[in-house]
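Listed below are the structures to be examined.
In what comes next, chain A is part of two complexes: it sits with chain B in the first one and with chain C in the second one.
On to the complex of A and B.
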């Protein structure tokens, strides 16, 4: 029986290779003919229920759903612009908001957009209580005044226009579609009003969008018919795909290859400031970090230039406090700690640690190279002050659990990224630095009633007097930088790669890594 | 011992092995520091969301109670849901397991198809040029790191020659124009069943590079194992008898000698098959072949314990049955082997 087998099998594999090799792949030409936009991403799209999604699904959701209001890209005159609402007004006390809806909008299931649908969408999100539903906490009551007017009554003043522009939890969807439940959405269905509809989804592999012909914005010659999201984990493969034209857009390629790609005439490299930053919380409840002088000394001991230039290869800027560069509420006039070991030594001596002599633990997310290297260079610098830094990688949940368990025995420095749910300085300042009875995200356990009062006041004014609110937010950050409850490390830049024949791309950091495909042409 | 009795005894033992594996994996994945409730809620959880998640997941119950709950669900065929993605694990496995199996089986067939004849020839013509080349190939195959080989293949066959696709299981356009009906989850079989030859060709072209890369290690082993067993078997008296009887060389090598020499090769190949189910992670990542390896790696990084346990069980089942099948096969092939 093996005689025959042995003769034939040796050839089979070789034959297969030859057959395959004789026919070229030709994916690129075909893709162009069919007018397909291919977005190659690096991780999966877990959740498609518009009430729950709270991570990188946003790149899909923004092409399928619309909120009442969109947050504008930096450099725009206004912070927000109309989405499904064409205009809105707020009462003087900031407690009642009225949104006027766009006429002639239909959901993908054919039902019309009405005030009742808006009310039901948001109420579903609130009732389910998952994902980013907390953005609606200030809302006490939603009323459909007439077919195209929705009124929100709040329990305390809040910037509902900004909330409605949130990248998560603010989608308006067809109430009929939502009755099918979460599992129905996750099978690859949607109930949005946006320019594209979800056609199919293979979990963990790809997702396909197709044009919604009755989109209220209408369609012009040259807009894309189909959008494909592919998941490719390996950065070098993503790079090969963008170079070969198999991808139209991709991200997170090796930083050392940015320049090579920039020299490639077929690839357009877009670099811009994101709204994400890296911080290292000091444990303000545990000696010696409970002494503000020690925290200041440690802030002076961080080699910021090395971090920006060597670790981040220039694709980040040193932070000025916790509100990231380019966002409203950020100020370049805020003071920064600079690398100054002499000043650090002075402060340590004042605090009673002239030769250092203590140990600190730096916890970071397992596998995150930036956070690890940020720790490595710090360890070298602290060694010069006689302080020993231990780097401890952990899963995010484990790191967080440790911080929540017992502050007095928790890690000394908790390293993490922050990004806003909706774009307000309050998201950064409240979550990370407002005092908490039970710690949640204030992971340095900072507690300053004056600071609390200042940012709460600023938040209440955000809906009605944004200029004054901004002043107060900046003032609060000044207080924070003086108290040094955290290392303010860097504000990250995003690097996006597009094929150079794609036009119309405007990056918008409010919606992380999103490409609004409707705006593009080839 | 009669064969059926042996079989029953082995099956009972297998159930015990599986039970032991669930206890160990469950305990380990629950004592490593993590917070499944927080993982369940996602980014920015609130305290209320976390305590609700603890109830939903049954984490408020003592560990033995949790284990019994898990096992009773498992016995009803319910693997539970992933804590990270909330997706039913069974649904996930339906996509990831066939993807991996298609890749691994293709790789093993390549290893067998090339390795076996090469090993036989090397053993038969020991000390000749054929032997030297076969041994060189074997050493190269076993010692070259697969991730490096994968990148090299991509560079040559995709970037330079444009012959083969760089990654994925199908090309984007084919995927859009040829909706595939999932019957077995093996694209080659499903497309052939549907008679869609364009789809079949696309799936085949995508399979070549990852399957070849994955096959290298097993290929090297196959050559070495077959060669050394051949050398041994060819010294047996019955071979001399066959030669004296004037049988053609080809028949002696591939019929009489190989039949006795193949057993160790199949054992090695069988184990390497099971190992590749989750061990092919590097190849899966580089070729974006979303299979069991990628699935379980993501689960391990996030301590997504229901997924870790489910995949461990699946792989254990494969181990147990492949071993059983190999022993069985060996007994059939070689009457001298007794089961017991």
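On to the complex of A and C.
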């Protein structure tokens, strides 16, 4: 989703300083107790209600709650594997899904996992209508067939196995616990089935998990008893913490320092392809960008190699359309725009702008250095074509409001990251490029009925004929790349830093920056 | 001609003597003179930046990625930044936005604050009440927070940041000038002017304002430093100048991320902020000392 980097104000910076000042204490305490895993994160944990959470809480939720199925890390044979459901089947028309639940699972409040609890969990999420509840739109009816069998009737075919593996909005929780309400969750309680329970939470500072002794998976020697999430905004403090052993895991350190950390025998640097990409929407409703030749010219005018090698230090790859590298529905055979100013000049001349002569505004998230540098190198390149690019840093809200106001007066290029709610190409293609009557996330206002039809068809096939669906998704992306409604900049790599005595870490880009602490040993 | 000039000199003899005394006292104040030199040096550096650096295009923002993060060297005495730009060039160009923010904020604040303060002090009564309650409202907010609120409402640009800071600053001058005016209003020369039938606007312009300018000047000089700091703070959180325009605050903000590996990027603009702010403060102290020998003596 969006707005991950929407941390802006001085208040937040001050908070970070205060937290930073308090760290040595927490770190020492953590080092004394043996079986504590310390995850140092860069952003707050806004929401703990399992029906609403839709942001960085995912790093906590995945250790406390479980979905019916999990999405697998790349390289696995199947896309998904059992979670609270051990098996499932789908009817031939893709309209009825049946999940068989795991036996002997209890919620943290001691009540057993039943089909009725699954039904009530998902119905609560749907009824509240917040966060990622939209993933359940295709569901018409949920039936508890017997104690351990749940049946979903859909109103149109949809990949319910993928939906049930969503990183947001797919948690199964104790209906009794949920009766306490959202505020109860946010005080630092939970109603999950996962290996850890929320013990305490200090808003904006930390959150502590403790092991759930009756976890259905059982416990072995060497697994962690306690998990501490610490919020530290300043990347340099995070770096010092991982180097000093006060953190067991951290992320988002300056790319320039990756090599130094890699040379440190105490720190293990894990680099892998994420499902997050950066793109810049062209405003397709506003001249001169309403002309496809101008958009193509501007796509040829981007210095991709500089962006990848010099700004991102090689920790990203140039995008092939909007579906990120490594995800199903991505194809390396899709064409890419290359940096070619001559071709850009030709196209501009064809469109009637032989010497450029227009101005464009590039809006990006205040304080996001990658987006800023991406703009600065583009500015220099466009200047050679006689096009003036103004870089306008804004808060996410201000940037978004402007785009939603009036397309004809909105910014020319809207820069943002996208990552999937659940892993399907449809998440990228539908949200960002399907025509919308009122703009929401289609912030280049792209409108192509052929494209819409193609991806809707592919989505309907995803549950039953994934290969065919993938072909259609790739075909749709070809259409997009030709129409150039956006600059497809890069697919980002995640860089995670662990203490080298931690074993068992398998990164899974479907759950952004999540560490499944249950799998780890020290 | 001769007579006319002589008249002026005679009429202003006392004042000229006073200026000469102040000049001598100032020159004896080593710190103040050094501060003035530092400020002039930075100002000249900002004005003549394009001729002082071999990389004016980098000062204006042109990336030069092949030299990203070069450490300080003869070619780049302050090293290069995250986009390979010469940090010295950026610091020189950054002086343009930082120094002009400092100056303009103070000029705007003085221009708003001084007349209001004189009005409040001279008339008293409901005029005083009204103006003072308005200043109280502004002073009730922490200044940086108010500036941030105004700048984010207006949208971020150099001019808006400047206006936002100035708006949080003027009430201080109103208070200062009001206090001075309150006592001046009772002095004999003002009473005499009033008795002779001089009109009120003339009294304020001729007799009150010239006499409050010294404390205002002292205050303004030290405030330039604080205004530069506030401007840097605004740029630091992304509400000041737009990239790629160089700005000391923005450079420190970006550079701090790289401080462990590439300390020069944040250190040199940080040093510039430090030096200029300190210089303006010391200069303000110096001016106060020479303008008002009493405080100097009492301090010593």
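Here is the rule we go by: the second predicted complex is superposed on the first by the 490 of 522 C-alpha atoms of A that agree within 3 Å, B and C clash if a C-alpha of one lies under 4 Å from a C-alpha of the other, contacts with A are read in each partner's own complex, and residues count from 1 in each chain.
Simple rule for what comes next: a residue touches a chain if its C-beta (ideal position, glycine included) is under 8 Å from a C-beta of that chain, and two chains touch if they have at least 3 such contacts.
Bear in mind the structure is a predicted one, so any value in this text is a computation, not a measurement.
Residue contacts after overlaying the shared chain place A:91 against neither chain B nor chain C. Contact with chain B, but none with chain C, is seen for A:244 once the two complexes are overlaid on the shared chain. In the superposed pair of complexes, A:310 makes contact with chain C only, with no contact to chain B. With both complexes placed on chain A, chain A has more residues touched by B than by the other of chain B and chain C.
In the superposed model, A:366 lies in contact with both chain B and chain C. In the superposition on chain A, A:395 makes contact with both chain B and chain C. Once chain A of one complex is fitted onto chain A of the other, the partner contacts of A:457 are absent, as it touches neither chain B nor chain C. Once the two complexes are laid over each other on the shared chain, residue contacts for A:226 go to chain B alone; chain C is not touched. Once the two complexes are overlaid on the shared chain, A:236 sits against chain B and chain C alike. By the document's definition of touching, neither partner reaches A:111: not chain B, not chain C.
Common to the chain B-facing and chain C-facing surfaces of chain A are residues 9-10, 13, 236, 240, 366-367, 394-395, 398.
Of all the residues in chain A, the ones that touch chain C in their complex are 8-10, 13, 235-236, 239-240, 254, 256-257, 260, 306, 310-311, 366-367, 369, 372-373, 375-377, 379-380, 390-395, 398. Within the complex formed with chain A, the residues of chain C that make contact are 61-63, 65, 68-69, 82-84, 144, 148, 152, 155-156, 233, 237-239, 242-244, 253-254, 256-262.
Within the complex formed with chain B, the residues of chain A that make contact are 1-3, 5-7, 9-10, 12-13, 16-17, 19-21, 23-25, 27, 30-31, 34, 36, 38, 44, 46-47, 54-55, 129-132, 134, 186, 200, 202-206, 208, 226, 228, 230-234, 236-237, 240-241, 243-244, 246, 366-367, 394-395, 397-398, 400-402, 421, 431, 438, 440-441. By the touch criterion stated above, chain B contacts chain A in their complex at residues 32-36, 38-39, 41-44, 46-49, 52, 84-87, 91-92, 95-96, 109-110, 112-114, 116-118, 120, 151, 154, 158-159, 161-169, 171-173, 175-177, 179, 201, 204-205, 208, 212, 250-251, 254-255, 258-259, 262, 285-288, 290, 294-295, 298, 301-303.
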